[in-house]
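Could you have a look at this structure, given as structure tokens, before my questions?
Labels A, B, C and D are assigned to the chains in the order they are written; within every chain, residues are numbered from 1.
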Amino acid sequence: MSGGGDVAVVGVGIHAFGRHDGVTGLEMGAIAARRALADAGITWQDIDFAAGGSDAAGNADTSVSMLGLTGVPFINVKNGCATGGTALTTAHAMLVSGAAEVALVVGFDKHPRGAFNPLPEEWGIGSWYGETGLMLTTQFFALKIQRYMAEYGISDSTLAKVASKAFANGARNENAWRRTPLSEAEILGARMVNHPLTQYMFCSPGEGAVALVLARGSRVRELARVPVYLRSVAFRTRRFGSFEVFSPSIPIESAPSATSEAAAVAFEEAGIGPGDVDVAQIQDTESGAEVMHLAETGLCEHGEQESLIQSGATELGGRLPINTDGGCLACGEPIGASGLRQVHEVVLQLRGEAGERQVPKECRVGFTQVYGAPGVSACTVLTV
Amino acid sequence: MSGGGDVAVVGVGIHAFGRHDGVTGLEMGAIAARRALADAGITWQDIDFAAGGSDAAGNADTSVSMLGLTGVPFINVKNGCATGGTALTTAHAMLVSGAAEVALVVGFDKHPRGAFNPLPEEWGIGSWYGETGLMLTTQFFALKIQRYMAEYGISDSTLAKVASKAFANGARNENAWRRTPLSEAEILGARMVNHPLTQYMFCSPGEGAVALVLARGSRVRELARVPVYLRSVAFRTRRFGSFEVFSPSIPIESAPSATSEAAAVAFEEAGIGPGDVDVAQIQDTESGAEVMHLAETGLCEHGEQESLIQSGATELGGRLPINTDGGCLACGEPIGASGLRQVHEVVLQLRGEAGERQVPKECRVGFTQVYGAPGVSACTVLTV
Amino acid sequence: MTETRQRLMIDPEVIGGTAQAPRLIGSVCARCATVTFPRQRSCPRCTSEDVHPRELATRGELWSWTIQCFPPKAPPYLPGGVEEFEPYGVGYIELPGEVRVEARLTESDPERLRIGMPMELTLVPVPGAPDKLTFAFEPVPEAER
Amino acid sequence: MTETRQRLMIDPEVIGGTAQAPRLIGSVCARCATVTFPRQRSCPRCTSEDVHPRELATRGELWSWTIQCFPPKAPPYLPGGVEEFEPYGVGYIELPGEVRVEARLTESDPERLRIGMPMELTLVPVPGAPDKLTFAFEPVPEAER
């Protein structure tokens, strides 16, 4: 993507994740937007393009009635869990194309307890699929990691360690939802949801909002204390043969996942390799997802996760800290907000402003990866 | 928008509008996409970016399971009636930014009979608004045109003439839904819906799909028999003081509408004036909308519509043919498809391929305008 | 109005005052003086968050009107049960120097509505929930104009 | 199986054959030979529209499995009424040279499931709609392997 090195995140804002009775998703989005604008030292009138989305909490552009009716072009995007990534992609393209100089992206959601009730028809599948009891994301995750564990020798202990790390990091994040550390034994001993995944290995539908202000060219230096450059943003849909959610069948011939491809493109466009990454946020809808995405993104080899995670390398003080804000497991999953939360966290880490959970080593290169049904993955590379 | 003159529509495809039992909205979208690809002489594998949307018929990117799992980045947009316009804006930015060379946009929808059931909460309004009986788009249109008619001297006869023209044009369009001509008297004498608007002055929720293939640079000349250049695409949200749907109050201080601003930007970026337009498709959710949008877009002065329409200037053989395919009134409104239908029709007219409804004069400049709740307008200028 | 005393307002954030003397609650911006209805947390004109509640004027002029000739869908409309639907008037009333407010009208005869006529705030039962009251505007009688 | 004779398949586009000898209906691409399930109008691999229905093999190997330990939401699930929810197995079965098919398993004990075990197509009542049949895979008895 030409000119991408010219675009930077110049402001970030977040509304705490969790449960917030009496505040709508749209209001959380507006609050996050105001915080991002304040962080950049600008006002809503300075924004000349906006993109945003939620999965279940209304049309993002409706927030103009709270932020101000400035006439700004505002695109609503809707790509499941990858919504934040596609909002970012859209804003990035508008900046690079020259159509905008300062853009805002916002993602928010507010899911009722135990939400996520996809209907087969919306996914192009017959109603028999849901009626038979196959239309569950948790099943998909379990089936995928079960096979992966058998192929690559991943242990139940490693799944549990991913979750215990998430809750340890969440305990240091004032914007996280689950802030109580849990031991590996507590996680393994919890209620089984879908073998091999127990209750604490899954994230829950939640609430929250994140906004980012992006700028290009000379506006970056005007606005940012510490500009964090968006070196690339890439997203891909699934190829034939990738194993994705809500698949009544999968081909025997396998293909790289959408994540593998998006990550490869993101690294290539940034001119930076996975080995250069100092800190990363990757989609951890459940423990197994973090394990598999570690290798799919190129951050390690397939099978290497077992030793990497068991050695503590992905913890805050490790060689490759992953999901330093607690990820989806500790923050919960407000679908529209998750992808932007990852970028928000990487920006804080690269600025050295992550407080109690600041990675102790020097961080110059960050990476994010968000994955959404039915096989959409969006990755970014960010640098200071 | 820099470089916009370099982007052209190189393929168009449509699935007939109307009622189509047994075909899903997603399938209609895939059919339209295949026709657009065939029109451009390429296949789905040649597309390196896609954007699309529907309001109520599922996630556009799901259609990759029908079109082929090529890994293509596919952004779903959702901006009400302006969905087609924002899909086009997104694809245009991806092309101009250099992130893509050949892009597909697709819009489709399938609304049940008498659909459109907006909930106040989704629009950031309290539930009292709907419970009191104020949450109806038809009311808004009636209230807006009632005031406009009093201010600018528009007659009931002019409202009826807009509708009778639409049905006359629809009768010549094999892809239209309502193909039976209706006289001015029949339209005026029909059931009153919201004074001053009768049954036949409103479009109905419907079904249909449209897809376009866009290309930039050297790919345009390789792919298009007759390239139709997308000289500009602009969209704007409402400003404070514009009178838009679902407004519990409107300020006394008035402001230009989102349409006025989007149209002005589109003309400015194209370097073409409203007086140069040979054929235009503008949002005619009901007769009054066409009347008001004619002036808001700059195609005539406020108040001039009465003489313009009474003189027949907006008919197929007139000086400024409007909604030559029958518009929303004759085609119905599948929300996600409407904005792209307008571009599809302008492309046919500029290519001289509109068959029975081809405008008799030479057409070199086309214009489209789509408007959606809550005050989003998208305009394009197209030339051969 | 006596019989309405025990009834609840459809939304006390929107309608204040008393059943005898209801007031619509809007907000006014301390920075730019813009008046909105219903109450907003921030100013849609200047984006200031320094906005305060304000009871709006109870009289104004009819700025536009229509007749709702068919029953709205439920939800969001509260259906009137099985009894027959009665068309009702809807309009925007310009409260001088404040804002134009959308409301039901007590008058539903198109022959008796004209742009510019004086209108006054009143309360009417919520259709389908007659234990609740919502606001409406009624024509000011000739004698009181 | 006798008692299943009068029951309807949950979707005759998906399950063919007879109640005694059911077959899953997929499709095969005339251009690239890719097999899909359920039947598609076009080939997800090569995008050709020259695809034809095909009855899939009835035996294969368990490629992955899980146990559904909690009741799915309804809709889309057909609820089993008030009786207690019974955990059920779910898996992908690799039909050799064809495709991996997702299905309910008749076995729901995790100790008795292992990747690679031989499985065979059968029919089971649809939970909550026992007048209808859906497909499932059951372990092939040791003796028949």
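Just so we're on the same page, a residue touches a chain if its C-beta (ideal position, glycine included) is under 8 Å from a C-beta of that chain, and two chains touch if they have at least 3 such contacts.
Here the structure is a predicted model, which means the values were calculated and not measured.
Note: centroid distance chain C to chain D, computed from Cα atoms, is 58 Å. With centres taken as mean Cα positions, chain C sits 33 Å from chain B. Centroids built from CA atoms put chain C at 44 Å from chain A. Each of the following residues of chain A touches two or more other chains: 65-66, 68-69, 240-241. Of all residues in chain D, those that touch two or more other chains are 44-45. Shown here, the protein chains touch in an arrangement that is not a line, ring, star or fully connected set. Pairwise chain contacts in this structure: A-B, A-C, A-D, B-C, B-D. Chain B meets chain C in the complex at residues 114, 117-120, 126-136, 139, 142-144, 146-147, 150, 191-197, 240-241, 247-253. Residues of chain C touching chain A in their complex: 40-47.
By the touch rule above, chain C contacts chain B in their complex via residues 10-11, 13-14, 26, 34-38, 44-45, 63-70, 72-73, 75-78, 88, 90-92, 94, 97-104, 110, 115, 126-129, 134-135. Residues 1-3, 24, 26, 53, 58-59, 61-66, 68-80, 86, 89-90, 92-94, 96-99, 121-124, 234-242, 255, 258, 261, 374, 376 of chain A are the ones that touch chain B when the two sit in their complex. Those residues of chain B that touch chain D in the shared complex are 27, 30, 43-45, 65-69.
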